[in-house]
Every structure is written in C-alpha cells, then in structure tokens.
Amino acid sequence: MEAGISLIIVIGLIIIAYIGTLLGLQVLFGIVIPYVAFLILVLGLIYRVISWAKVPQPFKIPTTCGQQKSLPWVKHSRLEAPFTTWEVVLRMFFEIFLFRSLFRNLRADLEGRRLIYGSAKWLWLGAILFHFSFFIIMLRHIRLFTNPVPGFIVRLDYIDSFFHLGIPPIYITDLLILAGLIFLLLRRLIDPKVNYISYGSDYFPLFLILGIVISGVLMRYAIKVDVYAVKQLTLGLATFTPTIPKAPIGSIFYIHLFLVSVLAAYFPFSKLVHMIGIFFSPTRNMANNNRAVRHVNPWNYPVKHYTYYEYQERFRDKMENAGIPIDEEVEPEKEHEWYSLYVPGKEPPTIKS
Amino acid sequence: MYNADKVIPGIIILILFFTLPIWLNVGRLEAVPEVELPKEEKKCVESKEFMRREHMKLLDDWRIKVLRENQHVYLSGEGKNFKISLQNTCMKCHENKEKFCDKCHNFVVTHPDCWTCHIAPEVAKKWK
Amino acid sequence: MEIKRRDFLKILGLGLVGSITSANFLFRREVKAQSYIAPPEALKAKRWGMVIDIKKCVNAQPDCKLKCVEVCHKLHNVPSIPDKKKEIKWIWEDEYEHVFPEQPNEFVAKIYAHKPFILLCNQCANPPCVRVCPTQATFKREDGIVMMDYHRCIGCRFCMAACPFGARSFNWVDPRPYLAKVNPEYPTRTKGVVEKCTFCYERLAVGKIPACVESCPDKALIFGDLEDEHSEISKILKERFSIRRKAELGTDPSVFYLI
Amino acid sequence: MIEKALRGSAKYWLWVCFLLSWVLIGFICYLYQLKVGLGITGMSRDVSWGFYIANFTFLVGVAASAVMVVLPYYWHNYKEFGKITILGEFLAVASVAMCVLFILVDLGQPMRVFNVLRYPTLNSIMFYDVVVLNGYLLLNLLCGWTVLHAEYKGTKYPSWLKPFIYLAIVWAPSIHIVTAFLYQGLPGRHFWLTAIMAPRFLASAFSSGPALIIILALLLKKVANFDAGKKAIETLSKIVTYAFIVNVLFFLFEVFTAFYSGIPGHKAPIQYLFAGLHGHAEWVPTMWLSYILAAIAIILLVVPSTRKNETTLAIACIAVFLSCWIDKGIGLITGGYTPTPFETITPYRPTLPEIGITLGVWAVGFLILTILYKIALGVKESHELVVKMKEEV
Amino acid sequence: MSLPKPDALLKDVELHKTPERHWMDIEPELKRGYFLSIIDPKVLKDLDLPSLGTWQPYDEKWPLPEDWKERIKKEILRRMETYRSFKLFMEICVRCGACADKCHFFLGTGDPKNMPVLRAELIRSVIKGEFSIFGKLFGRFAGARKLTEEVIKEWFYYFYQCTECRRCSVFCPYGIDTAEVTMIMREILLSLGIATDWGIKPVHNCYYIGNHVGVPPQSLKENLEFLIWDFEEIAGIQIDLEKYLNRKGAEILYVPMSGDYFADPGIYTMLGILVLFHYLDLDVTISPFASEGGNFGFFNSFEMAKRLHAKIYEEAKRLKVKWILGGECGHKWRVWHQFHNTWFGPIDFLEVPKSPITGTVFEHAKDNKIVHICEFTADLIAHGKLKLDPSRNDHLIVTFHDSCNTSRAMGFFEEPRFILKHVCNNFVEMPENTIREKTFCCGSGSGLNAGENMEIRMRGGFPRANAVEYVHKEYGVNQIACICAIDRATLSSLMEYWVPEVAVSGVHELVANALVLEGEKSRDVDLRRRPLKHPVKGVD
C-alpha cells in the first residue's frame, strides 16, 4: 500500500512537471524551482547540522567491535576500537565510504532447534552499488555546470562510458545504479521483515530516485533532447545568469529536473539526512579511550547520594561486632548541592549551548 | 554549539561540495560557444531541432543503411535526396569539424569516435 | 501479509503500465517520413566476381608497375607500413608458389617462376571469415561481396585465423601516420579492427567498377556478375581455363585466375 | 564470508601485495597497449594470435579439469574428494576469469566487447565459447560458493543446487570441446584441422588441471595447514597419470598421420616446431623441453613409489603442467599459424609488454584463487573451535 | 515455573514471517512470563522517585496522572536537547533492516517489535507524530502516530524486553544504539513513576546497604569467612580476611559484585580472587559500603546510576587508596569505563594504576584510574608471576562467553582469553558469529534477571544457549566461563534449561583452580569440590 501510494506520488510529480512545460512554465520549472530546491537543500542541511551540533553528546559511548588498546602485548584493533583521533578518522572513513558495518551483516535462520548464521552481504553490495553510482553520476553532471569542463570530469565521463554500447555509449554507472535501486526496492517488497518495517517515506525516495534515473536514462538513450540547450540552461543556473534557451528542450528534461529538485528539497527533512548524520554518530565517531582521556559532559550535575557516614552510623554496632574496622575520622557531609530530574523544584539547570 | 572545531569546517566542506561547479568555473569560465554554421547552405538534411537532438542517431542509421543494407541515398522528411556520407555530404557544408562538431561536443562533453576513421576536412587539408 | 503484498504488486503493476503508456503518449516523437533507397545508377549483380588474366598481367607488369595496387591503396587510404609483420594489404602481388602452394607444379612454376600474381580478397561464396565472425562485422552481401563493418568489429581476429588466403589485415597500430597522402573522400580505419578489399562497394553504388579493374591499363582484370550468363566475365570463364586458389577447401572463391 | 580474505598473516598480505604489484605492472602495460594498439605485441599479419590466446586455450583446460574432482565427489559420492572439491571449483573460477581476461586483452576494440552479446551470431564458435565460458564461471561460482556457504552455516547445501552441480559437471567438458572447435573448424590451418583436437584438449586438460590441484594442495599443506587427504591426492595423481599418457599418445597419433600420409601441409607445422623449417627454428628447444618434461613426468607418475612420494609427485605435476602449457599454449598457436597460407614462415616471439600483460592476467587469476582459497580455508578453519595454546609473550 | 519444555518453547518462533496487520495496529498483549511487576511506591519514595501508587501492569487501566502526556512530551524533548545520540538515532534510521535478526529477543520470540528497528520505532513514531509537521501531515505514511496510553504500555513491555546489549549497534550502518534508546525510554517511564520491582529494589538495597542483594557488612564478612574456611579445608591454606576489609591506606580498592559473595557459582569467583590476593600478598582492601560494582541504577536512569556509583568514588577517596581494581562484571564495566570519569573526573586524588607485582603502568587507564581484574591477572601471567598448572583444570572443557558490555562498550576480548589459555588445557571457542563483538546476551541483563519473567529470559537467552549447546555436543564442553556477575547468575538458569550439562564460572575461579600455592596440601577436588582428573600432590 505504502509503496503504491509512493509510486503514485512520484507519477503525480512527473505529471505536474509535464503539464508545467505544456503550460509554458519553463521559467518556473527550469529556474525558480531548481534554485529554491537547491537553496532548501543547502540551508536545510546546514540547519540539520547545527541542530545536531547544538545538542551535546553527554557521554563517550563508542561501540567497540574489536580489542581495546590495553596492555602493550595485546594486539589492539585500531579500526574496531579506535584509541586515537586518527584511528577514529580511519574508522569513520571505512564506515562512510565502504559501509563497514553493513559488510558484517549476517542472516539468522532457525532450523529446528538450531540457530544458524549465514553471510548476508547482498544489502552491502546493493548499497555500495547505489551510493557509489549515485556519487559518480553526480560528479559527472558537473559537465553540465562548468565551462570548460575540468579534465578530471572529462576523464571520469570517458571511463564511465568506456564500453561502446549504444549511441551515445551507455554509462556503466547508469546500469549499476539501476541494479542497485531495483535490488533495494525488491528487497523492501519481498523480504517480509524489511517490508514490515517500511513506511511510505521509505518507498518514496526510492521511487523518486528511480524516477530521476529512469528519466535521465530515457533522455540520453530514447527521448533525446538538445544537450546544447540543456547545458545553456544548466550553465546559466551555475553562473547565476539563468536563461531559458531559445531552442526548446523536451519535457523529459523538465521532468528530470523537477524530480531532482523535489529530491533536493526533500533531502534535509527526511531520513536521507543519514548522509550527514553518520558523521555525528557517537557510537562510531568517538575514541574508545574513556579511561585515558576524560570526556566532559556540559550538563553534568551533582546528584544526591548516601554517604559513608550515614552508612557507618547505621551499621556501626554490626560492624564492630563483626570486627570490621570503623572509620572514626569520617565526618557527616555538609549539605551538598544536588539536583534531580525527578524531584520537583530540584531540577538541574537547563542546558544552553 | 558543541564540537564547533569539527562542525564548522564540516559545514564549510558541505557548502563547498554542493557548490563545487561554481568554484570550478572561477577564473576560467568561458562563454557558451556558438557553432559555426555553413555560410551557403541554410538547411540541413532535416530540421534544426531534429538534427540537434538526433544527429548521432541519424548518422548511426545512415551507417547501417550504407554498410549493411547497400542503401546509399537518404530521402529526407522534405523529400530531398542526400547521398549518405559523413565525409562527402555532411562535411561538405560543415567544412570545419573543429568549429562545428567539436565546439559543441567539447562543450557538453561527449566522446564520439567518428574521427579516428573519418577524415575531417581540415585534417585532410593539412595532410602532407 | 501475503494478500497485502499481492494488492501492492497490482498497484505497482498498474502504475508501471500506466506510466509506460502515458510516457509513450506524452513523449511520442514527431514522426518523420524518412526512407532510404539505393541510387538508380548503382551497379547490381547477383554475384560479383573477378577474373585475373595471368598472361596479360605478367606480360604487362614491367610497364604498369602494379597500377591496380597503387590506385586501390591510395583510394582506400591503405597505409604502407614498412614492418612486414604489421602490413595492411588489400590487393598485392606474390609469387606462384605462394599463391598456389597446394599445387606444386614444377613446370608451371618454371613458366611463372618469380612472376608476380595479383592477390586480393577472394570474396568467397562460402566464406569462413563470415562463418566465424562473432559480431557479424564481416558479412556477405546479397551481391556476394564479403563486407566489413568497421564500426562493429571487435578486433578478435578470428576471421584472420579462418581465412585460408591471408586476405585480411589487422590494424595493429593507428594507420594514419603511415599514410603519405590521403583521399579525403574515403575514411581510414581505426586501430584494432580488421580490414580487407570490399570490391569497391562504394564505387559500385555510384555506378563505377572497382578501381583496380578500371585502372589496369592492359585490361588484365575483368569484373562482373558471375551469375549473369551474358556478362563478359561469364563468357570468358566459359571459354578459357581458369583456376582458383585453394578451391579444395570449399570456400568457393569469386576470384579466378586465367592460366 | 568475504571478510575471511581480509584477515591474514603478514605472509598472506605479502603474497597479495606481490600479486598486486604484478597486476599493476600488467595493467600499465595494458594501458600502453590500449593507447598504441596490439602492435606492441609480437603478433603479426601472419601469426595473428599469440601468447594471449595460447594462455587462454591452456587455461580453458585447467578450468574444465575441475570436473575431475567434482564428478567423482557428487556423482559417484567419492567422499575422499570432499575437501578438495572446493579447491577444484574455485580453481575453475580463477581459470575462467583469466580466460575471459585473456580474450579481453587480445581484442583490438575491447570497448566493443559487448557486441558479441548485442549481435549474437549462432554460426560463430566464438559466440558459443563466450556463452559456455561465462556460464561455467557462473555455475562454478554458484556451486562452489553455495556449498561453502552451507558449510559456513553448518548445514547441508540446499537441494535446489543439485541440478546446477550436475549441470556444471556436464558443462565442464563442453567449454573445452567448444574451445577446440574454435580451432579445428578452420579450413586451411593444417595443424588444427583434426577431429582429434577436442579429445586432445580434454586429455591435456584432465592432466594439467588435476596436476595443478595437486600442486596447490601440497602447497596449502605447507603454508596453510590444510590437508586434502592422502587418498584424495593418490586418486588425483592416478587421474593425472592416465590422462597425461593419453595426451602424449594423441600427439603421437597426429605425428603418425602427418608423416605416414606424407602430406606436406600436415607435416610442415610439426617439422617447424620440432626440427625447424626453411631455416626457421624459433621454438625447437622449447618444444623439446616440453616433451622431455613429458617423459620425466610419465616416468615419475607411472612408477608407484615416485607417484606416492610427495616430492617426486610434486616434480611430476610441475612437469606435466609446464609440458602441457608449452605444448598446448605456444605449440598449438604457432603451429597453427606456421607455415602461413602462403607456405612461408613468419616467426613469432612475444614482446616484453605482451609478457607483462600476460603475467598481469596470471597475477589476477592467482589473486582470485588466493582470495577464494583463503575464504574456503577460513570457513573450514572457523569450524575448528579448539583453541590451541600459543606462547604469545 | 510453568515453562514449556525447551523444544516446545520455540514452536511459535518464525523468523521470516511477519504479522498480517501493521505493527501500529497491534496492541501490546502483556504476556505473563514476559514482564516484571511494578515496584512498591514506598521504595520509590525512599529514593526520591515519583510514583503512581500501587498497581500492576496487567491492570486494565494504568493510574497515569492527568498531565501524563505533557510530562512525557517534556521528558522526550528534554532528552532530544541533551543527548545528541538520542536525537540523532531518532532522525537518521533508514530502516534498512540490518539489525532485524541481530537481537536475541527477536531470535527467541519472532516478535517483530523485538527487532531493534521497530523497538526504536516505538518512540520514533511518537516523536514524528507529536513534534514533526511532516509526521502530523502524513501520519502513518511517514511512520508517525500519536501518543496514547497503549503506547505507554507498549513502551513498558518492549523496553523491558531489551537488555541494552548493543549487538544491533555493531551491525547498524550508522551505529544506532538501541541500548541508548532503551535507557532513555526507561528514564522517561521512570519520570512517570513506572519502574519494575526487580529493577528498583536492588537500587534501594545498594543505596542504603551497599549492594544489590542487601547484604549488610557483617553478613558480607561472614560469607567471605565461609568461603575461606572452605578453601582451607580443601587446600590447607589460610587466607587472612581481616586485612582486606575496610582498611584505610591500602594501595588498591577492590570492588566486588554482590553476586560474587552471595550465591553459587559467583562465590567461587570471589574465592578465586581472594586466593589470588593471598598468593600475591596484595595490598588491597574491600569496602562494605562500596561492596557493589554492578549498578542497577543504570537500568533505570543515568541519574540513578550516578547516585549509586558515587559511593565507589567517595570510598576511594575515604580509604586513601592509589587506584581501583574492578571485578569480573559486565555492565559495571560499561559504567566504569564509559561514564566514571565523565561524572566525577578529573579524578586527581588517585594515582595512575601501576601493578605492584610487575611494575606495569596501566597507561590506558591513566585518567580514571580503574583497572579490570583480568587486565591485572593477564599482566601477571605475561610476566610469569603466577605459577600455574593448567592440568588442574583438565576435568573441565571450557568455553568463554563474552559479556555484552565488556565486549561492545569496552573492547575487552583478549585479556580473559589469554588467562584462560594459560589456566586450562581444554579451551573451546563458540562459533565465530556468536562470540566477541557478535556475542549474545545471556537474555537477562539490564535488570531482567527475575523469576517472574522466566519465559522471556529463556527465549532471549536461547541464541547464547544454542551456541553453548553446539560446543557441548561437538566438543563436550562442560563449563562456560564468563566475566560478568549477572551472567554467572543468569547463565546458570539458562544452562539448566537448555544445556543442563554445562556449569558456569568466572575466569578467576579457574585461575585459582590452576594456581600452584606454596604449602598447599594434597587434594583431589577443585574449588567447588568437583573431582579433579589429576589429583594435586601437595606438601603434606
């Protein structure tokens, strides 16, 4: 159901863009919306980043997946239990670029009374295919926003279209991203567990990106557009001299651009912010050096606790009888300042960063 | 804000990343190239719009027709006849590859490999 | 869950079908009345063939200096590569014992000892090169010409292994540096593809006979339709004794040598 | 399971780096070839296939030979091959991968390689070869990986796999028969035009492939503490013995046919390879080396005591492997192209960049093999849960 | 205990099937044997905690106060502003499902709400539905729902079916840690006064008496004395207990766990440690006031954890020791390792820990000055300071259970293994996907080790027990060693249910078993009087 609705929404978006071009709203769909969407994307992401940065991480809670640094002769797992900042950076690098945690994935099956664990790297592979292709495709699109196009983009474009399949040659990443997306979509539909936890907001970006990819692919191979005119428009956008080129560009381009704009505007306010969020993940971006380097909690507050003096007074007789040494030096603690989340009027001072 | 030492550079990198094309253009931006159109001929085999979109497809169809089906003449939408030949028909009007083809192809970055075999007029001229 | 998923698939299916049909409807391209024709002046045949009159040829050679080779290679931008191993040849000369190695005949050999024979692609009726080509880059046209589609050749060189006549050349390197002069009307080839004589298909299309035939000052090369009884070539072959290279291999060459 | 290949001793990483450096060298050479063209090789208008295709042909055999361990294990339930089967399957994967790469580097226009699939040509043996080779690659990956994964999970492999295993068994000879057909169906190449080509290919495959498996098994015993089992090695060495004798016999049959019939075209290639022709004798020492190695191998293999001794067996297997490699690689290709259709001789020698690319491809193959074997052994090791006390300080 | 037989227990578990209905439509059915009863309000009052009066979870109507919604929302928002972890985990999950079958409770129940992603979704959906415009607009399509009383019941039910083991966090591509979510959600429930009897009583004991089980100082001493007498009878060696109790000026403060001097089999670990202290003649003291290293406060709220932990900090100060040595415990080490010096640091009245026997300076503990007993012992063994005869453990085939918290919050893997390799000859690992960072919880951590929720405990412990069962069948394993006091208590009942042939022990019990003591007498039994394979020849 959710998937169906998501699909219908995406189709609706396509129709909106199509009708928009029929009505001659090229300026709206080619200039205004892209600019607004891009602005929302950048500002939205910055807003998100700041919203996270404003919240302190009270404790240092790395998830350790390997041996801590301890005695010198114990082999320390630098990536899995990083001790220094540099090791944390490495861990984050592998996490962000190679999806290391997903690589660990297993699949549990119950066979009679036995639990068995199988290797399950398909999700990792699908995710890698999708994300890397998406990244390369984004880089490739720089060719439409720069003039002259930088050499490395030209080379990237050349390598990506190495195999001469079709006119113009097909991009390898176009095939890979389709494979990755279809895998991710099918997985959501077919795997009962993943299907069960999926919302419309999980399907929507999938269909949206699929729509972007398919419209892009169609534009290149089937419903051709005047690339020269397209670049006139896109370069205009990048150089803040937006114009709608005189030569007409097919609706397919405006559909593509509109879907991209929707994605950009949707990005900062959806689960897609995981792209930035991962950098903030405290279980991954903190060093497991808790005992060596103190972590400061800005809202640490004193708490009420029972003192030894009270304790010793309570058990003095018993302790003396049992021959446990009594500490005569200890004095009752003066009233110490304390706060509590649970007692009215004693709440800890509110946190302001 | 906490971890400002990392967050602020992060935000800067984020902005730089999303505005990468702008920075790549700085100091080297060139005007949108205008292709040099033939002086005598005003009309290509098909309409300008069609040619701008589909010329590669058309050329590919031409090749198949000539090489594989022995059909050497193209009958255009307007009923005109054209001998199918990149070198002898297209380039007779568009007499300079660099000023016509390359201008646009370099602009939008496509890598057609026509010219490893086919000889551009200016190349033929320069041949010793 | 099951029912739910089926419902969903229905919706998805409907959506996909809908979007595809609507896409077709929305993006239908302007239909153009495009068509292709063969030019009326083109020469046509059921099976093109060639006869090489050895006597004429051998006798004329001191004077003609193999004009056929020169003209062909110039016309088709065939490079002259000094390294024999990387050579490209469409039409060339060789001695009897190399041209007909399967017919070691001392006496014939004596007559033609070290005399140049003209060689070119035999345009076989049963061409092994076409049989082995994995991409149909080499194919046989209806008029019997064994064609090369350089755009499709992947450069696997299986055809070279299959051709018993050594008629095929491969572009081991970019040929252009080896071209002293260029014919701007004809393309060159790119490195990594196989090439050979194509009986001047481009000249046939405009009503001209192959360049080698046309250029031979002594009319030692005769070109025509082998299946047309009234053609010159058929008549000659009916009248005179001719041999073909390695006929026993069953490739049925279309190039005949008049002895 | 792949993570098992990412954890290893210093020696393992040293070996991987060694291979990677060869891959890099090969890749650089290939970039050079891509830029300049196949002209950087020693191939010529007359000898238009060379070292690449020679190695390809040989490796198809190695790949096909996996069936020699898979068949007895799955078909005849020969339990002794239980541990060695996966070695065979993964060797096939690595070999076919090398085959595919050798074809790719031999192409003049590699970017157009997909034309083979875009324009499927049913009359071309090359098309079938592409189909059977890639099919075999997928089958072996599927079977090997699924069975290994089942082992990793500690279960039996799923029943749906059975048909694929049987298909792979039937498929194995087909890859080599089809590869033989590439050659034996060509008119005008006397050396290749023989109905015995396919059987000869199979015989050489079933000797060189298992010989390599034996060498690898003995090597793994040394470096990876993996014992394939004495019985398995013994059975395999018998297979090598018989197949190799048949292989040499087939060659002798060819010699008989050529020389007793006395047809010059048939004699010429053999003369060129073993004695020299028209003053050309480029490959004579190499070819004799091949047959001297063959003789040594046969002696060592036939005598039971040397066959059962691991050292002499290893020597014999290396001899078989090299002998087949020369005979079926270089010998077959140059023999096919010499003399040329004009009864002349154009000598062929691979150039340095050509050898560099070849070594690069072999390095890729061994890298794949190393990784797959590392995974396979890692999975087997992971079931060995007893912790052995090691002095760690 | 009306628990079905082991084979019958898993009959209803389907790992690859999901219910027909959307999870938001499935109201929680509070099954007996799955949840804990609610704490007596008096106890809450003693601890200055809010209370809802006397009631139980299965009551039709929960006595929620009138302003409960506002209070809950306020508590959620407060935590979104103070815990970046919580805020982030609520916002970046993509529901990839990698965590789904990693949770031992899911594997033992097949209940989709036990998939870590859905467990977090229980709160995530409310945050969307109550605070986000998108969520309010799109409702269920965006995974949003409203806060209702049923939701509170669901939270209570499922956040007390999470043992905060962090296994899901290992597999999550963003490191989303359900333990963090669970801890915060339990805090939020506590803010209303919803707390379990089993969770709060030990806190009360610990707060006022010094340890969870409420052993007063004199009983603590008696228990230890009993252990020592028993040891004297077995080995003929007398340990002087006096110097270890509440002595000021010692070099080291050792903090045990109540489980280790309260019940079998923990007591043997305690004995092992005492034997080791005796063997080394270590200048160490134990405080009856801080006689609990474990921290049930941690299972209720961060604040309570700090309130309980304060006493260890204060005792170290009072006893004027140089550094602190911690016993074999799981979540205690989470608190000690990850929270201790954030709460109380900088801890400058102590010195950087240095082993008085080997001289090793524990650099990695230089700031919070706390050393794990296994680090300490492993260092001794590495320096050859212990005379060990591993054959004294030959009657045992030992496997090692990595405790969740030491594994995934500390990275503590090699030290105990190093010790085990040196103290016994038969050491077998469990299958690789069930150990180290992928280890399975005993199923009863985080304050769930009560008797009333035995069914969920046995289900949750099933993955761990299943791996033990495997090595028991394949290798004859008959002893599982662990470094967690809750493990020692809960694994015993888990093993009794699933693999009765396997006994549970701490690592230091095995150390003491293998220790060759000066002046020991001949014996043919181990510390817990099980016959030895090779009797010990003493000096008698």
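Labels for the chains are A, B, C, D and E, by order of writing; each one numbers its residues from 1.
As a convention for this text, contacts are C-beta pairs under 8 Å (C-beta built on N, C-alpha and C of every residue); 3 or more make two chains touch, one makes a residue touch a chain.
Because the structure is predicted, anything quoted here is derived from the model rather than measured.
Of all the chains shown, the one with its CA centroid nearest the global CA centroid is A. With chains reduced to the mean position of their C-alpha atoms, the one farthest from chain C is E.
Put simply, the chain farthest from chain B by mean CA position is E. Taking C-D and A-B together, the pair of chains sharing more C-beta contacts is C-D. Centroid to centroid, with C-alpha atoms defining each point, chain C and chain E lie 82 Å apart.
We define each chain's centre as the mean of its Cα atoms; on that basis chain B and chain E are separated by 68 Å. Between the CA-based centres of chain B and chain D the separation comes to 46 Å, rounded to the whole angstrom.
The geometric centre of chain A is 32 Å away from that of chain E, both derived from CA atoms.
Shared interface positions of chain C, i.e. residues touching 2 or more other chains, are given as 1, 4, 174, 190-191.
Contact of a single residue of chain A with at least two other chains is seen at positions 55-57, 73, 104, 109, 114, 117, 164, 169, 192, 195-196, 250.
Shared contact sites, meaning residues of chain B that touch two or more other chains, fall at 2, 113. Interface of chain D with chain A (complex): residues 1-3, 109, 111-114, 118, 149, 152-155, 392-393. Partner chain C is touched in their complex by these residues of chain D: 36-39, 41, 43-46, 48-49, 103, 106-110, 112-113, 115-116, 118-119, 121, 123-127, 130, 182-183, 185-189, 264-265, 336-337, 340-344, 346. Those residues of chain C that touch chain B in the shared complex are 30, 32-39, 42, 77, 139, 141-143, 147, 149-151, 174, 179-182, 184-191, 201, 205-206. Put simply, chain E touches chain A in their complex at residues 6-7, 10, 13, 15-19, 23, 48-50, 78, 80-85, 87-88, 91-98, 100-102, 107, 112, 115, 117-118, 121, 134, 138, 140-143, 166, 169-177, 180, 187, 190-191, 207-208, 210, 216-218, 221-222, 242, 245-248, 288-289, 301-303, 306-308, 310-311, 314-315, 318, 337-343, 345-346, 360, 362-368, 370, 375, 378-379, 382, 407-415, 418, 431, 433-434, 436-438, 462-463, 466-467, 470.
Those residues of chain C lying in contact with chain D across their complex are 84-89, 94, 97-99, 101-102, 104, 128, 131-137, 152-158, 160-166, 169-174, 190-194, 246, 249-251.
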